[in-house]
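Going in written order, the chains are labelled A, B, C and D, and every chain counts its residues from 1.
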C-alpha cells in the first residue's frame, strides 16, 4: 500500500527531498490518513458529511457513553474480578424483564439463538405447541419449531394484526387433555409494527387453567416497552442486545421461570451450546461455560445504567410511547396509515407505514438512503414494496426522530407520494412540545 | 470507590458467597460500570437517551471516522515516519485556504493564537492598522491589536452588518502617505452570522493601490465557505480546528503570503511561541519547534480526506450554502428575521435569529437545552437576549439541521413566540428536497 | 449520583457561587470524570498505572487499529453496501484456513458453537466417531458429542501429549465396515500447549482408505499456526474470533469441504441456529439469516488486513514460531519444563509450564496478577495447580512477550521457585535478537 | 477510491453477480476495511503485530481509561454544565503542583507556551534574570528569554549536571542591589535525565534574602516527581499534558503564586494569548477567554483520578522512583553509565544512557525501531550520537519498562555494544521483585 501512497505523493513532488527515509514504515493511523487521501477529486462521496441517520428497528444508534464503555483492548474473564462483575450483569438485567423471580441467562448469540434456547430447554420433539403467524419473525420462529420436531399449531393472522386471543381460546378449549405444552408469542412483530397483548394471552390461558408454558419473543420489545415477566407469568422471555438495549448484536438474553427450569429436566430436545443447564451450573458462582463477550457486557452495563438514571423501565417505556405517538401523529398528518390498524396493538418500538397503492415502498427507502443518508426499514416478505418502517426503539429522543420524519417526508415526496411538505413533522413536534418533560436536573434552567 | 461499590452491592446480598476475592481489584471499565450503576432509581437523568444535539457555531459535531482516526494511544513524533506525514499535513491544508502559493503553518493553540501570530509576525508596536467592529469577535481582535501596541483605526458597524467598503475607502483615501500597514477583517463574524465580502475589501484597497497587508480572520469561514487566498491576495488568513474542520479545539491554522513573510523580517513585535520563523525553519524538513498534537493532526487529515471525497472545497461550500438557505427559509417560515439584513452578507456558516421584542432569547436557548437536549448558540454581548444562533458549519447534513430546526421551533413556542408549528421546518425540507443531490455512487439505487 | 458529587464538591466549597445552575445536568463524559474523582485518597488502586498485561491464550490483546475499526456507532446490515462487504468477509477469511476450495461460514457465537455446527451439520445421532482426550477442551468436545447422541470412541492420552496416530490406526483398522463417520481432533489443546499433527492424522486415515470425515477444532491454532485445509483434506475446521484473529469473542468461524456439505444433506441431527443450510442459502448473495455482529466483522477485516501486510499466513506462522521458541528457551533457562514433552507437538500458540513439585501454580498466577498486573493462564482440571500458561498467539511481538517472561520470572520467584533472576528472559532475548527480522520498509534505517 | 476497490475486487471475480448495486457507497468503516485490504501480499508490514513500544520521555502511553474518556463526539463549553466542571479541573490540578495556595491556569498550548506565560506575565523587557544551561530545553528557554528582551545571565553547566547552587550563590551575592528579577530553573532536563534540586535553589536564594521570583520549568517533572510549590515557594511552575499527565499534547498548565500575580501588575511584556489576566478574570466563574480543548480536559480529569486512586502524588512519585531505580540497575548491569553522574540529580522521569565510545547512539535508536518497534529517545544537540534515552514517566509500570529494557539490550547488542544478554534486565527485575508492592485490593489473593 505504501507503494501506492508513495507514487501518489511523488506525483505531487512532496517527497523529493527526503529520499533516505521515504520507505520508513508508518504507524497504522498515519497510513490510514495517507490511504484516505486521494489526491484527485473523488468521483463520489462514500462518507458524506454529517452522519448515517439510522432508523431501522435494530441495530440501533449506540449511545456515546456505551460506545466508550466497550472500547477495551482485551481482558481476561478468568481474572478474579470477573465473578462479581458477571453476577452483577445477570442481576442488573432483571430490570428490563420486569422480574425478581426469574433467572436471567446471557448467551453469546442473537435473538434467534435465544428462540432456540427457549424451545429446546423446555420442550421435546413431538411436543404440541400453539403459536401465531402475523409477520416474518413469527414465521421464522414457527419454521424453527418445526425443524426442531415440535408439533406446531399455527393461528394465522393478517400481517398487521396481533395475537388473536379468541382464536387461541378456541385452540386451548379444544385441547381438553392439556396436551399443548407451550403457547409461543412474538410480543412485538418487527415486520409489521404490532405489539401483541401478552396479559390478555395469559388471561386466556388462565381461563382454561391451561398448564402450557408461555414462551415470549421480546426481541424488539423488552427494554423498550412495558414487560412484566413475573406478573404476566411468562415462562421464557427472549431478547437481543442490538434492539432496545442499544448495543451491538451478540448477546441473546433470556429469562426463565422456575416452571420453565422444571420443564428443562424432562425436555429431551438435544442442546449443548444453548443449554440452560451449563449456565445454571456455572453462573451462580460468576462463571460461564464458554468465553463471554466482554465488550458487549460492558456496553450492556452502561446501557442499563442509563436506563436506571432515566428513572427505570417505567420512564423508558413512557419515552417510547411519547416518541411513537409523535411518529403516529406524523403518519396521520401525511394522510397515510400504519399497517397495524388496531389501536391497542400499535407498537411503540417502531412504526410501519403503508404507502399509497401504485407506489413502491422500496423506492422510499432507496431515495432516503441515496439522497439523505437515511436508513429506513424496508418492507419484508408479504409486505415487501407495500410498507416502510421507522425504528424508534432504544437510544432515541425527540430530535433524532424528528430527523427521521423529515427525511421520510422528503423521500415520500421524492417517491411520488402526494403530501403537503411539513404536514407530518409539524404534527409530531406539536405533540412532543406539549408532552416532553424537562430533563431532570435541568429544571432550574427554566425557573 | 470500591468501598462504596462493595457496600452498595452488599445491600443487595450479591457478594455473600464470594468472600475471599471480594476486594480483588477491577479493571477500569468494570469499575466504571459499577460506579455508574446506582442501585436506587436516580432522581435525574444527566445523560438522556439519544444524543446531545449540538448546533453551536463551533465546537461542532465530529464525524465518526474522524473520531476513530484520533483514537491513538500515544506516538512519538521523532520517529522516522513523522517528517513525511507532517509535510503532507501542511500541504493538504492548502485546499481549505484556496491557495497554492501561500505557506501554511499549524500552531498548537486556538484561533485566538492564530490572530496573535498574524499580528505579531507582520507588524510592529505603533503600526497603524484599520479594522471593523461589528460583533464580539471583531471586538476581541481589536482589543488584542491595542494590547499589542498597534495604532488601530476602528470602523464601527451595526452588529449584523459586514465590512463597509465605502468607509474603508474613506480611511484609505485619507491615508495619503500609505502609513496604514494592515487592513484586518473578520471574514465571518460568529456573533452575528455575517460574512463580509473580502473580494470587495481587496478591490477597495486596490483602488487606492494601497500597500497595506490584508489580514483575515477566517475562523468560522475557512473550510466551510468559499475562500480564495491567492486570488483575493490575502496576506495572512487564520482558522481553528473546532470550526469547519470539525475536529476538537487545539490547532490554530495560518496561511501566509510571501508579502507577509517579507514583512515578518522587519516586524519588531516580540513573539516566540507564535513566531512564524521557528516554523519556517523546521517545517520544510518535516520538523516542528515544539511538540505537535498528533491526535488532532490525524483527525485533520481524515477531515480533509472527507472533504476531498465530497468533491473538494467547491462541493463543501455548495453544501454549506444549501444548508444555510434551508435554515433561512425556516426563519422566514417562522415570520422571524436574521440579525443580518443584507443578503450578500448572510452567512452560510451559521444563522443568527432575532426573537420578537418582549422575548428573551436566552429562554429559547435554555428551554432547548432543558427539554430537548439541544445546544444552541446564545446571544453574546450587544445582542445578548435578542438573538440565538444555529451553527451549521463543518460536519453537517440536511437531516441533522432539520433536527435543530425542529428543536428551535419547539423552543421558540415554549418561550412564548407565536408560531405555527411546522411552519419553519416545512420550508426547509421543501427547499432541501428540491436541491439536494444524490450522494455520489448511490445514483444506481435510483435508476 | 449528582447528589454525591454535589456534596463532595460542597465540602470543598467549590460551588458556593454558582447556586442557580448547580443541578444542571452534565454530559456523560463529564459525569464520568466527576464520579471517578474521589476527593479523599482512595485506599486502593483498582486501575494501576500502566496496563493490564494480558497473556492468557485468548482473549488476546487487540491491535489498536482493530480497536479503532470496531468503534462504530451503529449500522444497518440491510443497507445496500452490506452484500459486497459480507461476501468479501467470507472470502478474506479463507486465508487463515489455508483454503481455496472450502466454504467459509461465520456464526455469531463462540468456538463452542462452531464445534456444535461441525457435529450437527455432518452427523446423525447414533453415528460412530473417534476422537482423543488430552486436555479440557478435547474433553468438553467429547462431552458435546455424547450429549448430541453420537457414539464416541475416545482414545485417552496423557495431558501434554497430542493425537496418537498409532492408536488411531488401531481403531480404524478394527473398523472393517467403515462405520466410523468422523475423526475429530483438537488441533491445538489450549489446556496443555500441545499441537497435534493433523497431516499425520490424515495420513493415518488415508492408509486405511477410511472415508470418515476429518473434523478439526482449530480454535487456538487457525490464524496463528500453519493450517492447510485443502491440502490436509480437512472436512470441517472451526475457530473463534478472540484467539489468533485478536478481536473480541463473538464470531465462530467455520470452514467446510464439499464432502462435509454433502454429508449435511443426510445428517439428521437437529439444528437451526447453527445450521449451515441457512447460511449457504443466503451468503452467496451477501445476505445472512439473522443479524450479524458488524463491529466484529469490521475488526476481523482489519485483523486480516494486518496479516496480509505482514506477508500472509506463512509470515504470521513464522512469527508465532519465533515467539514460541524464545518462550521455550526461557523455560529452559529457568530449569523448568513444558507440560508437552514431545518436540513435534510443542505449541507455538501458547506455552504451558510445569512448576516444581511442592509449588502451587495458582500462586504463581495470583502473585503475577496481584503484584505485576499480569494475567497468566491458570492450570485447568487435571493439571490444576501444576502448570501455568503463557499465551503468545495473535497480536503479539517480542517485546510484549518479554514483559510476560519478566513478570512470570518474578512471580515464580515470589511463589518460591528457585531461579536465577534473569535466567529465562536472557535466553529469550538472545534468541530473538538473532532471529528477528527487520520490519519491512524500515530496512533503510539500518543502511 | 471505490474505483480502485471495485477493480481490485473484480480481479477476484467477487462482484460478478451483484451488478446493480456494486457502486452503492459504503459507510466509512467499511471503506476503510476495503482500503486496507490489498489483495496481493504487501511487500512490507507498516503496522507490525503487537504494538509500538513507546518509551520516549513524552509523549507517553495513554492509559486506556483516559483514552476512553477523551472519545467524545463534540460538546459545547457554553452549556450550563461547563462552569462547575472547569472550576473542578482547575482545583484538581493543584495536586500535582503540590499547592493549595497557588493559582492554576490551563492554556490550550504546549510547555513552550507555558514558558512564555511564565516570563511575560511576571517580567518586563530589560529585566535581569539568571538561569542555567545544561541541556537542550534549558537552552531553548534561554533563547526565549533573550527574544523576549530579558537580560539573561546564564550559568553554564556540563550536560548531565543540574543547577549549580554555588554558582547561583555567586551571582546572587554579586547582585547587591537585588536587580535580578527572576531565577529560572529547568527542574528536570529532558535532554540529559537530570533533576535539579529546587529546594536547594530556594535555600540559596533565601540565604541572600533575595526577592527574585523563582520560575520553574516542571514539564517533565510535575505529576511524576515530588513537587512542592507552596513549600518551596515557587512563583511560577509550568508543565505540559503529554508528559506525566499522560494525555496528548495540547494543555500548558501553569501554577502561579500570589507574588507572581502581584508582579503581573507591573510586568510590561506584551502578552495576549498567554496573558494570565484574561484567565484570572474569567476562571473564577468557570469561564474561559477562548475555546478550551474539551477532550483533553476530560482526559486530564481521568488521569488525575487515576493518580488519586493510586494514593496521591506521594505514591505516584514513589512508583516513579522504583521504576527509575530498576532502570538504573539495568544500566549498571550492562556496564554502562548514565549521562548524569551525580546521584542526587539522577532523574526518576527518564534515564539517559551513554553508549561506549565508538558506538553511535543513533544506531541503537534506529535498530530498536527497525527490528523491535521500540521508540527510544534520541540524543539531542550536544549529546547527539552519544546517548539514548528511556522515558519512564507517567502511565508506566514495571512490566512495561521491562519491555523497554529488553528491547534496549537487544538494540545495544545489535549496535555492537558488548553486553552479556540479560545482564541488565535481570538486575531490574530482581530489584522490582523485591520492592514492588501488592496492588491495593489484591492483597487477599496472596493470603
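Going forward, a residue touches a chain if its C-beta (ideal position, glycine included) is under 8 Å from a C-beta of that chain, and two chains touch if they have at least 3 such contacts.
Labels paired with UniProt names: A, B, C, D = Aminotransferase class V domain-containing protein.
What you are looking at is a predicted structure, and each value in this text was computed from that prediction instead of being measured.
Considering the contact criterion stated above, the chains in touch with chain B and with chain D alike are A, C. Greatest Cα centroid separation from chain C: this falls to B.
The chain pair C-D and the chain pair B-C differ in C-beta contact count, and the higher one is C-D.
Averaging C-alpha coordinates per chain places the centre of chain B 46 Å away from that of chain C. If you average the CA atoms of chain C and of chain D, the two centres end up 37 Å from each other.
Residue positions 1-2, 21-29, 32, 36, 38, 42-47, 52, 61, 63-65, 67-69, 71-73, 75, 79-80, 309, 369, 439-443, 445 of chain D each touch two or more of the other chains. By the touch rule above, chain B contacts chain A in their complex via residues 9, 12, 14-15, 17-18, 21-22, 24-27, 29-30, 32-34, 36-38, 41-51, 53, 61, 63-65, 69, 71-72, 75, 79-81, 83-85, 87-88, 91-92, 284-286, 298, 301-302, 304-306, 308-312, 315-316, 319, 366-367, 369-374, 394-400, 402-404, 406-407, 409-410, 413-414, 420-423, 425-427, 429-430, 432-433, 436-443, 445-446. Of all the residues in chain B, the ones that touch chain D in their complex are 1-2, 20-25, 28-29, 32, 52, 54, 56, 58-65, 67-68, 71, 73-80, 108-113, 116, 125, 144, 147-149, 240, 242, 248-250, 269-275, 289-296, 309, 369, 375, 377-378, 439-445.
Across the complex, chain B meets chain C through its residues 1-3, 23, 25-28, 31-32, 35-36, 38, 42-47, 52, 64, 67-69, 71-73, 80, 442, 445.
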